[in-house]
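In the two complexes below, subunit A is the common chain; its partner is subunit B in one and subunit C in the other.
This part shows the complex of A and B:
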């Protein structure tokens, strides 16, 4: 580590970091560039040796690897294992990396051949069931969200650099939403997963009058049985609730249990 | 004459997604020149099947992190066209303002962070923070403004939250919108400075004649919906998009490819200006002319200049849109939605070119079939033919390996390809 930066007068190590992407929309990496106001400060915290979307140089020496996206092809598993072998710390960046993200919605069909045909007809194309990073390598830290929240990333990276412990909120989005004094989406007749989803986004969607879709996965001790009752009481169909629960893969176990079996494409 | 060179770029940098460039020249003859797309597909069109309509815009935004607003709006338009819903004037204005700000954000990101480093002789924007701090600051200011307005109108700069079928979940704050109007006015100085910066760039002098496809603005500058036109004289209706895109597969690409009157065509800022120069506002026209962009321009490197011209166009138009919005009292943000069996097609000009979404619905409003044709997928074949031509051009000029490599990279970057989006 290089030590030419100081924090409150104390020299701080600038870890070498690399950014990588598997199958994804690259939105989570873009969120980092979307930090216009603090981008330059953020960049001074770390030494970026690889960020293919933003720079030509491609260093192979990194201590922290931020990996976005999910695994959908064998060559991605290999790339991932190589990165794991080089990095001291692997961070899964965003819901695709943590749970499979929207990509894992293709796993809900019972026939992968149908999925391929639906998009590519008879053209041969290579794909496999979508997996999160943790299915293939050990992941040290997960940053949730589709997209990730830049303030949260900055907080986590700062803690990493300063060697502090990293805490994820233990309460659901619903608490953040109440704290912001929003109108409850259920009172507007909209479904919301705020009661069961892990907080940390500051109730991003409900504050914009959109019910939460659960992109950050379940809060610890999420009461899904109770959620089913609330939805039923409010006249929201099980289909709409399941659309949200299965959207990003965070609630995969519960969804599999409720659905029982996979869907036919046709 | 160039005797030989062997260029093999795996996973080109400073573009979105994964593509490879290969150029082999032996004894002055081009043996190989190719652009390859190796991105993994995510199968969005299959994912949508069986899903209720409200999932479509929410999921489709996730096709692309850079143009999530464009995808969301295209998907919404496809649903609304399928159900026969006509958005209110207020909704139309807000959507266009939102899309303009995505265009500004995306173009600025490309111009400054992805393309400019090549023209300034560095590998990324990082060294520029020291050598050209004022340039970086002006880029960040423009991008921040665009993103702030996206937050205000769409709820979030990336994967917007307020945009739904029927309109918006909530409206922006009128007072803040007025303040944004002032910041847009002030941003014109930064755009002026950008134009001066561009005057110092030497854009490679390379031409290859091709066909350019875009929406037809009918004297306006085109953005959402309308007829599809090409510089070879093709005219089609929005619903006839498949006859404009003619998708096919080839072994060198996991993205689908397109062709029309020739072996390939181009979409994007340059295509829009080549087809709709007359619709540019006078100030944008002056800048285009000053930077040597007069239709029909066949130099693909000029796409970056076309993007800058469009930045001026969308800033001026957005000021007008805000004036129009603030001149009247506001209606409800959202219209009622009634589902209907049928097919909805949407054509929208997004930063990288014309984007099509087509959705088939059953009587319950669930998706039966989905098709998305992405700007970059329409450009891939044209990029490949450009690379072939560039190799011949370089072989003839006896350029050095490093120069050829850089030119090839700059050529692909000029298209601002969004490769993961093209494969989706």
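This part shows the complex of A and C:
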């Protein structure tokens, strides 16, 4: 493996990184392994000391921690704090880590004890309200998506190693969807969160004729008020729209706002 | 200009002669939920895929000469040295078959700004130089307002323009290439009755327009109404999603990003078509955003199209194709925005 890498004659350090998982499917980490064509290049960029999906060793010395998953147990909070204490840079990898992800769907129910009983019956299991990493520790960088887009991770990690500023697209998915010259999902009668969701996925789902579910969370300027009108005009029920907005947890603030209004009105 | 007529059945021969090159034309993309056909420009391999009866394509043809993403240059780093490569991306002639007048006029406008200035854009210029354009007559749709923009007919910017007259095509010839092409098919001089028929066709088309934009004194009105409250109303609707610019045949604004590969031996500078409606369009070095509010960005889109460009080139940058309004989920259409600004009190 290459060591002593340089860029334009300037030595570039190969940081030690660890991959960690809290409650998640570990699919984001698998995404990285799936990219076989560039896997060796990726490995030349960083020194991986810990990666459960790809190696036996589990080193404890790392500068960058990539953490997948959300917090659903008290011991995960402790583990997370320990990782934070060791790592110089903590990266939330994927929607679970950034927003709670699919796991946080259970937070919709007021009675979490009931949820636990429905799912696990009498099996003794520790599970609590789902939280994103940022609810417990300081997160330095978020990489969005369910799953993450490996090309984007590679771009971000390259920038990290080179000490460049990390840029996330400031525009919604529509911009990328139009560049792929797709038929608008709304023209097909499908709901889509593309107009309000942060881009960077290259309109992955809409390009496969699946309306966006907002896994990357809101674009910095998401006109959700207008989205409600767009959905209503097309006969898409508010419940259907809320199902999408609630799915990954990125739109939690807006969802809370809408639910709050509903309760006030009762 | 030279005129010829030929039977409609001859068109396939014309297509086949041109098919030695890559042909891009209107094709059916699918259907919307109501069963209406949706069209886009695409590479046409089979004459039967060419849909010259298309209403309007969802996107313009610009991806073929002004791609959404394009590398401006790439770098190879080796042995302490680096080497720069520039690829204009123009390898083969391109036939654009079936452009409507609006899209031909869009090319003419892009030529003015991208080729006519002090620093011509070679990426665009190389692709433009090797193009053969066959225009085709259209049936104005309810959202078309090209007539208001003076782009409902094309006077230049094509090799051949075909107007359908039942079983005949009335051909306008602007280049020797087109003249020699027509020599290879069964075609003849039009007689005076066919001249008449052509003019009747033009007249019939004129009466079909529904949407209009009053452009009289528009540059001055836009200046006077810079603070008009209607801009805020449109801004509240705007999704800041960039769809209008992406489907627009004349939007050419862009951003540039540099990418280094993971082994540090290659880098590239990538251009991405951008939109003035996007949140960070007017962010400058140091981080200040000159247009943080949606309505200010939307306003500048209109000011560029209908004021700035007019002052610079004595014509609007909008060709009235109506694509932006058709694609806008928030129903922001040029005729309605301009009318609301004009009516502003």
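Here, the second predicted complex is superposed on the first by the 253 of 266 C-alpha atoms of A that agree within 3 Å, B and C clash if a C-alpha of one lies under 4 Å from a C-alpha of the other, contacts with A are read in each partner's own complex, and residues count from 1 in each chain.
Please note the rule applied: contacts are C-beta pairs under 8 Å (C-beta built on N, C-alpha and C of every residue); 3 or more make two chains touch, one makes a residue touch a chain.
All of these numbers come straight from a predicted model, not from anything done at the bench.
**Q** Given the alignment on subunit A, is it a clash or a fit between subunit B and subunit C?
**A** In the superposition, subunit B and subunit C stay clear of each other.
**Q** In the superposed arrangement, does A:30 touch subunit B (first), subunit C (second), both or neither?
**A** A:30: touches subunit B, not subunit C.
**Q** So, does A:232 touch the first partner subunit B, the second partner subunit C, both, or neither?
**A** Touch status of A:232: no partner.
**Q** For A:39, select first, second, both or neither according to whether it touches subunit B, subunit C, the two together, or no partner.
**A** In the superposition, A:39 touches subunit B alone.
**Q** For A:54, decide between first (touching subunit B), second (touching subunit C), both and neither.
**A** first
**Q** For A:74, using the defined touch cut-off, is the partner it touches subunit B, subunit C, both, or neither? Pick first, second, both or neither.
**A** neither
**Q** On the A-aligned overlay, A:22 touches which partner chain: subunit B = first, subunit C = second, or both, or neither?
**A** first
**Q** With both complexes overlaid on chain A, does A:172 touch subunit B (first), subunit C (second), both or neither?
**A** A:172 sits against subunit C, while subunit B stays out of touch.
**Q** How wide is the angle at subunit A between subunit B and subunit C, using CA centres, rounded to the nearest 10°?
**A** Rounded to the nearest ten degrees, it is 110.
**Q** Between subunit C and subunit B, which one touches more residues of subunit A when both complexes sit on the common chain A?
**A** Touching more of subunit A: B.
**Q** With the two complexes superposed on chain A, say which partner A:146 touches: subunit B (first), subunit C (second), both, or neither.
**A** After superposition on chain A, A:146 lies in contact with subunit B alone.
**Q** Between subunit B and subunit C, what is the tightest CA to CA spacing in Å in the combined model?
**A** The answer for the closest subunit B-subunit C C-alpha pair is 11 Å.
**Q** Go through subunit A and flag every residue that touches subunit B in one model and subunit C in the other.
**A** none
**Q** Help me check something: in the complex, which residues belonging to subunit A touch subunit C?
**A** Of all residues in subunit A, those touching subunit C are 2, 5-9, 12, 38, 41-42, 44-45, 154-155, 157-158, 162, 167, 170-172, 174-175, 178-179, 181, 183-184, 186-189, 194-196, 219-221, 223, 225-227, 229-230.
**Q** What residues on subunit C touch subunit A, complex-wise?
**A** 29-30, 32-33, 38, 40, 58-59, 63, 68-69, 77, 80, 82, 236-243, 246-247, 257, 259-264, 273, 275, 278-280, 294, 327, 329-330
**Q** For subunit B, which residues count as touching subunit A in their complex?
**A** The contact residues of subunit B facing subunit A are 11, 13-17, 40-43, 45-47, 49-52, 54-55, 58-59, 62-66, 68, 109, 113-114, 117, 123-126, 129, 136, 140-141, 143-144, 147, 155-159, 161-162, 164, 169-170, 249, 254, 420-421.
**Q** Once bound in the complex, which stretches of subunit A touch subunit B?
**A** Where subunit A meets subunit B, its residues are 22-31, 33-34, 36-37, 39-40, 43, 48, 51-58, 72-73, 76, 101-103, 105-106, 109, 114-116, 118-120, 123, 125, 127, 146-147, 204-205, 208-210, 213, 239-240, 243, 247, 263, 265.
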